[in-house]
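Given below, in the form of structure tokens, are the structures.
Heads up, the next two complexes both have chain A, just with different partners, chain B and then chain C.
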Partner chain A sequence: MTPYVAILSGRFRTLLQYRAAAFAGAGTQLFWGLIRMMIFDAFYRSSAAPQPISLSQTITYIWLGQAMLGILPWNVDPDVRGMIRTGSVAYELLRPLDLYALWYSRAVAQRTAPTLLRSIPIFIVAGTFFGLRAPASLFALAAWILTTAGAILLSAAISSLLTISLLWTVSGEGVTRLVPGLVIALSGMIVPIQLFPEWSQPLVRALPFAQVVDTPFRAYLGTLGRSETASAIVVQLAWTGVLVLFGRWLVARAARRLVVQGG
Partner chain B sequence: MPQIVVEELRKTFRVAERQAGAWGAVRGLVQRRQREVRALDGVSFALDAGEMVGYIGPNGAGKSTTVKVLSGILVPDSGRCEVMGRTPWQDRVAHVSGIGVVFGQRTQLWWDLPVIESFDLLRDIYRVPGSDYLRARDELVDLLNLAPLLDTPVRQLSLGQRMRCDLAASLLHSPSILFLDEPTIGLDAVSKLAVRGFVKTLNRQRGVTVILTTHDMDDIEALCSRVIVIGEGRILSDGTLEALRGRVSRERRLTIDLVDECEEVEDADASVIRREGPRVWLRYDPARVSTADLIARVTSRHAVRDLFVENPPIEEIIAELYGGREG
Partner chain C sequence: MVVETAPDSLRLYFRYAAVQLRAQMQYPASFWMMTVSFFLGMALEFAGIVILFHRFGTLRGWTLPEIAMLYSIMGIGIALAEGIGRGFDTFPALIKSGDFDRLLLRPRSTVLQVLGTDMQLMRAGRLLQALVILAWAVRVLPIEWTLPKCALLLLAMMGATCVFGGLFVLQATFCFWTIEGLEIWNAVTYGGNETAQYPLTVYRPWFRRFFTWVVPLACANYLPLGAILGRPDPLGAPPAVQWCAPLVGILFLLACLRVWRLGVRHYTSTGS
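Coming up: the complex of A and B.
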């Protein structure tokens, strides 16, 4: 195994151990999903105007959001945060590895392992009882899987940037307060982007956050055609490339001014 | 050609200061004061391959900073440093594959995984070929008696067990240099002896260069022929343990158990420093009076049950060296 794959799988195995957290998380997500379902139900009933997507599509979108919440790049890697506070980050630098690639591998594990654990019970429960539909077609399923893979790569790039910010701020307290609101709203996690004001949609879609949530969900619902799917994947990869380069540049700058805490 | 060369290394840290209390916190929002701390203030030394060196000094003297520069994770402000012909911070990745580091207060093992999985991960991280890895691992498991611990998650190990595992983890890629930063801190006597025994074997039999920082003088006496003392970022002394003793104080101690508890002991060349029942501690300078003469004089004047000669404890010598600098 190459070092980075080894780190990824090591982190993945570690995170899979937190089963109680996953079940508690799934419970919370089911509860929130139900509340949001009721809100959108009331919203659709009270409005006579035709909406860009149907209620049943919105409900599926909501449940996908609850199941895939863990891919959202909303926090710093708690492991690295702990290491920076205590100075154990020294050991990260003692490895014959590229620091950016090391943290990116950690971020991929961080975004996938908890999501995997939480999404399965949500898919089962919401699919059986609460109106989560199957993918619109076989093509939609394939497009969903591909764009989800793209979303994970992109989300890991954004998460790495948040983690890298710890090299300046140490505590990460500020980042974890500012970023979630922004990311959750702009990704489409609260309101599907198709229900955003029309003028704002191109703007919101141009930002990377919508690529993490809205793009794969629309693929699942079957609203992305072949060429749209292809271009969505290109946009995801392009954003990933840009953010990875930016992250690498930041790490190179930070390495010279790094201070390892404690004696 | 020495394996490690350090010349005129300097590193200054800026420390933000604020006054204590609520008012200090409020003022700190507007006005920031920074104090410069010279962690390294012109440190130079050279080590040959296979040496075992004790690197000692009080807290905040610059020991850990030196180790961090040598291991490539901290960039100094100025000075030269070469380890095996490479500048650590310029060539970090190549450099760290050839060294092993243990920070006694931290662990490099994966907290939630069994020890063996941490070892396997390190094999992948250091790209150690399978057969070399198995040989190194089995040897380390054997030397450090780790077999019963391998399947235990790291978080469930005692400190002594964890330290043995950490030592093994730092050596799986067979480095030729090992930095040990306070490896015996917090360990019980048995674990300390195990760690010392292992480090000694490693150095004597495999020729691994060891730099050991510690506050435990027993570590130094048990392991190191050469001792570098650092204080306030400068090297205060560099040489053998005997030379260090001689430099600071040449005094020796003679402890005598008398037959008669009430007898007074007096000698022109020695002074009594303590008395407890029949036991008397004398201090003398071996350059003024030979040990044999002193013992002959004392035994001819007094009825002596037992006596022995010793060096003053190394702690006292070091304290004198630190204190002499401040005064």
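Coming up: the complex of A and C.
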């Protein structure tokens, strides 16, 4: 276990160095959040019908989305992409380490460190000026932290799958472009899942993407009870387990037929 | 010094385009996957808007097909600008590696050469999605299409392309000073795209002013669409303004190209 923890923490500390980039990113995210906020505000004013979540809850949801954008599995590890392109992925295979565990630990760091840096200024600014509310209760805070941890583990498993897909496509532009679109639309990032048509909600919630965004956000808003929180965490871990096993199987298959790009 | 004539430059541009097409078709599977991904990604984005209309019915008196018109004009504009002007989007790499020096040595305009460095043909997926949505909106909306209205629609698309193109040029120009590309530009280009998909009236006044006077996306979209739909502007723009507004987009691009020339003159190589 130790080498993987070392990789995780080393990578984490490296990624924490990019503070200026994170600051610029937070600025972009704040601007984006403002646009979304005004759009949803206009929609809520256009209809008198009661809605499943209130405008102020939606606004908090939007800001959480902007703050936590980085935990979405929206990209592959740029270093690993480079290694696969140049062929130096062969060195990775030579290491006395488990390739999947190595990439998975890198993915966990990739999902957490930049998000941590970006989310702090967003929480401060949006919390002070733009209507991001505090967690609904102490229990909500605890549930949010737990489900966010689950979301990170699950998201890292999806990111690892994207990285592994590069072993087949080399240029890696297809799958790694398609999945982020799915993730963003079906996670609740564009529209909170409670606003989806009722018939589609169970379907969307059954997919792993909603577990990364919608589950922790609902915990934050206090709409998850005790038993719901517990079952949500079980679902997150179950999906993580399934995707990790799938990823390991893919790596084992790929390693057998891997053609290393020369040069 | 070679004398540059317009047809000559255009011929060179198409040579660049042909080379890019051939290069990108070397990986046909990748090309088609990308095109399809773009199409599906954008379709999902539009699904978000459909969901909101399903839930709320209208947006400040605007219906879904009307928003679809706004959406598709922006989509066509950004797809064309991204496809053609991709070289400006990836320009930081050219500056960092020092390769821009080579461009300066050639007796051709830098704009033409930067345009030639990269073209993203898979943006066709995005373009196609926007066209499908436009076709649907045109079918559903009870607009009496006259020749001037069709011309205005085309002009609006051109205006949108010019504004996005101008933004890419401006973004690249800043690299002459900052070397590094700045993520904050995404807020203006992609954030602007997001903003202009909805009517200007939903935003706060300072925000409206920004996207009308500083980054004139509203001039290419919201204002001409008001004229096409025959809807008086609640913000008080007279019809004449609605009809001429897309021209502001073209002026914006010209202004950005002026700034570019200033940047080129300022350029000092990174030496790498």
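The working rule: the second predicted complex is superposed on the first by the 261 of 263 C-alpha atoms of A that agree within 3 Å, B and C clash if a C-alpha of one lies under 4 Å from a C-alpha of the other, contacts with A are read in each partner's own complex, and residues count from 1 in each chain.
Here is the rule we use: a contact is a pair of C-beta atoms (placed from the backbone, for glycine too) under 8 Å apart; a residue touches a chain by one contact, two chains touch by 3 or more.
Since we're looking at a predicted model, the values are computed, not measured.
Chemist: Once the two complexes are aligned on chain A, which partner has more residues of chain A within touching range, chain B or chain C?
Modeler: C
Chemist: Look at A:146 in the shared chain and tell me whether it touches chain B only, chain C only, both, or neither; answer first, second, both or neither.
Modeler: neither
Chemist: Touching A:204 in the superposition: chain B (first), chain C (second), both, neither?
Modeler: A:204 sits against neither chain B nor chain C.
Chemist: In the overlay, answer first, second, both or neither for which of chain B and chain C A:3 touches.
Modeler: In the superposition, A:3 touches chain B alone.
Chemist: Which partner does A:45 reach: the first (chain B), the second (chain C), both, or neither?
Modeler: Only chain C; A:45 stays clear of chain B.
Chemist: Tell me which partner A:53 touches in the superposition: chain B (first), chain C (second), both or neither.
Modeler: A:53 sits against neither chain B nor chain C.
Chemist: Return first, second, both or neither, reflecting whether A:94 touches chain B, chain C, both chains, or no partner chain.
Modeler: Only chain B is touched by A:94; chain C is not.
Chemist: Mind listing the chain C positions that touch chain A in their complex?
Modeler: Per the stated touch rule, the residues are 27, 29-30, 33-34, 36-38, 40-42, 44-45, 47-48, 51-52, 54-61, 182-184, 186-187, 191, 194-195, 198, 202-204, 207.
Chemist: Help me check something: in the complex, which residues belonging to chain B touch chain A?
Modeler: 13, 59-60, 63-64, 68, 71-75, 92-94, 96-97, 99, 101, 103, 105-108, 110, 112-113, 117, 120-121, 124-127
Chemist: Spell out the residues on chain A that touch chain B in their complex, using ranges where they run on.
Modeler: 1-3, 5-7, 10, 13-14, 17, 86-88, 90-91, 93-98, 255-256, 258-260, 262-263
Chemist: Applying the document's contact rule, which stretches of chain A touch chain C when the two form their complex?
Modeler: 21, 24-25, 27-28, 31-32, 34-36, 38-39, 41-47, 49, 51, 169, 171, 173-175, 177-178, 180-182, 184-186, 190-191, 195-197
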